[in-house]
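Following are the structures in question.
There are two complexes below, and they share chain A, which is joined by chain B in the first and by chain C in the second.
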Partner chain A sequence: MAGSETGFLARVRPDLALKHGVLGVAVLIALAPTVFMVLTSLKSEEEYTFNKVGPPAAPVLDHYRSVLFASDFFAWMGNSLVLAAGAVALSTAVSCLGAYAIARMQFAGRGLLFSVSTSLMAVPPVVMIVPLFVLYAQLDLISTYHGAILIYAGLITPFSVYLLTTFFRTIPRELFESARIDGAGDLRILVRIVLPLSLPALLTLVVVNALYVWNDLLIAIIFLQDDAKRTLMAGISVFQGRYGDQIPLTMAGMVFASAPMVILYIAFQKHYISGLMAGSIK
Partner chain B sequence: MNQGSRIAPYAYVLPLVALLLFVFGYPVVRIFEFSFKMVRGIDGPWIGFRNYDLVLSQPLFWESVRHNLQLLLAVPCMVVWSLLIAVVLFDRLRGWKLYRVVLFLPYILAVPIIAVVMKKMFQFNGPVNEVLRWIGLDFLALDWIGSTDVALWTVMLLIIWRESALGIILFLARLLALDESLIESAKLEGASWWQRLRYVIVPQMKVVIEFYVVVSVITILSSVFSYVYMIGGGRGGPGTSTTVVELYIFNALIRTSLPGIASAVSAMLFLVSLLLIVPLFAVRRRANEEEVA
Partner chain C sequence: MAQVAIRNVVKAFEAVRVIHGVSVDIADGEFVVLVGPSGCGKSTLLRMVAGLESVTSGAIAIGDKVVNHLSPAERDIAMVFQNYALYPHKTVRQNMAFALKLRRIDKAEINHRVARAAEILGLTPYLDRYPRQLSGGQRQRVAMGRAIVRNPQVFLFDEPLSNLDAKLRVQMRTEIKELHQRLQTTTIYVTHDQVEAMTMADKIVVLQEGRIEQIGAPLDLYDRPVNTFVAGFIGSPAMNMLDGVVDGVGVRVSGALLPAPADAHRNSGRRVVYGVRPEHLELADDGFEARIAVVEPTGSETMVFLRFGEAEIVALFRERHDFRPGATIRIKPRGANVHLFDAGSGARLGVSRRSEEGAEAC
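Take a look at the complex of A and B:
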């Protein structure tokens, strides 16, 4: 023990320094794009040509002004919000009913339904697009909210069913039995007892599924081709195509586009982390 | 009452079954049908295996497959990097919770956004090369985005960068749930940091590592569209150097309007994804037994 107090070097434990060093590098790598994005968005186009790495010498907010007032970012975000809300609401409602039946009722094909539904989590969304695109073109459903919401809701539902079923199964059987003795029907049990107990699972579900819809690009560019229906992610692809040469302006757009999710993440870290772990298959 | 409760379960699952049949069932049946037809517009004549012959004889298809397989090289890198960071975080140095929040950030940012940012960072005259030249690593200052030899590796770096964040969090969660008395007793018996890692910690993490590997393989084979679409300027470029199977299907459907061709590739991708369901179920079950996922 006495030996460890002999000098300064002995107290700066080399293994600790090494571990902090490793984490420091990891943090640097993880943050570099965000830092670059924010710093660059504050530079003038001219400054960026000679100062690509350092902080802006003379910060300007012009790019944010252009993004806020002269671009369609708000409209794109609005569209993404409508789709995410619609798809999550539809999928959650359908999955709650289905998962309740799978977890708590007896019927033929119950096991099969659950296995098939769970397996669908591993099926790539791109496999579904060709027939749906042909069908939607026929039915005039391309570039409609309800058409896209239906597809998104379907794609996120296998995960919803999986998560809710496993959660519903953990609710003690006695709760159901006593409610039934009191004369409650299934729907009443589901709404009054099961759902309130399932709030953590439901929150996880909303986080994972909303993020999936919000971040999706594939379905968005195929099924929402109309300018007025464009989502944020599809909008970003258009935006970078149009203003890609003006890097500080592009970065201001990216800062603005990522702000909602980053703010939500910082506010609800715990739910995000546990939710995305549970939803890592998506 | 009896009558009601026998039918009731079906009423509960009906919307679910209908939704899954519409979004998964119908398309799966039709991709197989379309893949044997020359579809123009909404339908077309049966043509046997001609779509498959065409696809399988096309170099671009094989190039796309090869690109997906090459991207799988990201998986071992992701595992090693995530494991290293998770194990260091597990030592719970001062501020480890803050480190954890920051290190998960890459997974929060949407792929299209981060792809746009990285594309600018990795430009030939961009900040990454500027820093590399500044620290004397000129030979590493490649044309990351514009060179057909390098672009796919840049995509892979981006995938590693983002998907590792999930690995770190998954691994750390498992570590925090470990029985630490084993690690403590190894420490008391004089096992070094490396020995504890190699013989005590990693063996107990086998299941979560397997889980992460399977999930990552599925992601790379079937969900890298946004990465290549944004990095490759919407076309898997430069040239065809970052085209993957998903983009091949997208191009066949949207750009060249050949649903039959797109369906043949979709059908093959679907069959591959079925093969992956078996290991996925196995690792999910084992992971659930350990309550890690």
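Take a look at the complex of A and C:
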């Protein structure tokens, strides 16, 4: 018994304990808003007025029922899905082609193109709102799916190009050369060799970009003014305006709104195959 | 199968010339090794044959066709890379079949060719594995299998054994040679390892700084190196090279008169580099005196590092002697195994086979 006790003590290493302590605090901080969201959504309006932080004394599901059946929840969600899927698909397709060219093809202005594309990441969307709105009004693109998808795709593409270019560059040059000798052209090399090897990067992109479009409020409110085109985030945010200060109801809406992204993330998590590249060289 | 002709090929990366007008003729079925120190341009030359680098000027012909402007796929070549370049997401079978699929060869034929290559290389049990599940030697074999199934005109190897450990390297060396004897496909093989070059090649091309130093059969290069570079590069341990002056029938080195080739007297008074291979030195009472610095016995032979005046000499003995560091021995070159080079240019003196072959012009 004594032996196992000293064994246990020996296993508690101060450096590991410190690491785990720091990580534990970080996890708590990261999870706090989620916990608050879920707990609040289960409180009644009355309870929330005097119990802001603590757990609900008498949990209620009324708010969930209201969100699902007393609002246009499903229509909003459908709109968000269309926008997220459209923007992510468009942006991913464009980014793959662009990143392949920047990473592996020789042409004049390649470095400049990459610099410009990367620097676009730093431009805040807010500064583009007014000119974009004027342009869209002239082109009759306000309150259209394809108009909003174009804006979203434009906003998420610089990061996608940056990430994919960096990733494509890590693929050994010999694989490209080998495929070329085998008789593959650039498009085939991209589709048959590069993309399968870039699965981790691609899935990361899908999650990150879908999350961005899904959570966006700015573009959604300004460019999709038609009630029928309202997104989930825009819809939930109007709970507050329309029914006064209904925090628990808003939180219930947020729980539903976060669910698809959490599912998306968890589903792709298992595809982040480490060592996918192992064995290609050496 | 086809012959390959490389004619006055120049490669420049912008203003920097890395290959200066190189010409090599490779016969149908020949195994040619390009060898030289790193940066000599051997890989660049191979990549130009493959079509992975453009040719700045000159011509490369495979068969009767100049291929300068053909894409790699149109050249009917197969290449094995140093790091194998296997597709990590494809199985061994898919790796080997990829090129054939792209050519729209029918499935039965693909299966037949893959099965045959796998059998030749002993890969049959591994066809459904991924590259990451294979050892280094097996991956190397898959890379070769990928080349074999295409049945190309020319095999190109770019330092294919450099990533393997010493024992496996020797084994794979034999396998590649055997494969060549079996398939008789024209092969160009790049290495920096002169032992690989000597053991595998029908013909060796020694390159330095983008120029050909010598082309010839391995033993020709060993027996009659055309200059001090080739003399020092081919052979291990390297040839001893001593500064001296031709003095009548011998060469005076550090005060001693060493035996010289019969025709040396024609160069009397000339400053030369006196070259003798470590294995061509023998103990002799009438030899020159040298002091033993280090003795390295390996069992099969003994390497002895000697001080001779200012110079260091290596001698290799197959028979066993009781050498002691600090002792003095008398040695001399065996028979006529001595090479004389001009001290300035480094070129071989006397009649050489070079003028008979005439292929070394560069």
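Note that in this section the second predicted complex is superposed on the first by the 190 of 282 C-alpha atoms of A that agree within 3 Å, B and C clash if a C-alpha of one lies under 4 Å from a C-alpha of the other, contacts with A are read in each partner's own complex, and residues count from 1 in each chain.
By our rule, contacts are C-beta pairs under 8 Å (C-beta built on N, C-alpha and C of every residue); 3 or more make two chains touch, one makes a residue touch a chain.
A quick note: this is a predicted structure, and the numbers were derived from the prediction, not measured.
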item: Chain B versus chain C as contact partner of A:172, first or second or both or neither; value: second
item: Contacts of A:193 with chain B and chain C, given as first, second, both or neither; value: second
item: Touched partner set for A:138, first chain B, second chain C, both or neither; value: first
item: Partner with the higher number of touched chain A residues, chain C or chain B; value: B
item: Which of chain B and chain C A:153 touches, first, second, both or neither; value: first
item: First, second, both or neither for A:20, with chain B first and chain C second; value: first
item: Partner chain in contact with A:180 - chain B first, chain C second, else both or neither; value: second
item: On chain A, the residue positions that both chain B and chain C contact, one per complex; value: 276-278, 280-281
item: Chain C partner contacts - residues on chain A that touch it in the complex; value: 172, 174-175, 177-184, 188, 192-193, 196-197, 275-282
item: Chain C residues touching chain A - in the complex, by the definition given at the top; value: 50-52, 71-73, 77-79, 81-89, 98-99, 102-103, 130-134, 136, 139, 146, 150, 163
item: Complex contacts: residues of chain B adjacent to chain A; value: 8-10, 12-13, 15-17, 19-20, 22-24, 26-28, 30-31, 34, 39, 42, 84-85, 88-89, 91, 93, 99-114, 116-121, 125-127, 130-131, 161, 165-166, 169-170, 173, 193, 212, 215, 218, 221-223, 225-226, 229-230, 233-234, 245-246, 249-250, 253-254, 259, 262-263, 266, 269-270, 273-274, 276-277, 280-281, 288, 293
item: Complex interface listing, chain A residues touching chain B; value: 15-16, 19-20, 22-23, 26-27, 29-34, 36-37, 40, 52-53, 90-91, 93-95, 97-98, 100-102, 105-107, 110, 113, 116-135, 137-138, 150-151, 153-155, 157-158, 161, 166, 186, 214-218, 221-222, 233, 236-237, 240-241, 247, 250-251, 254, 257-258, 261-262, 265-266, 269, 272-273, 276-278, 280-281
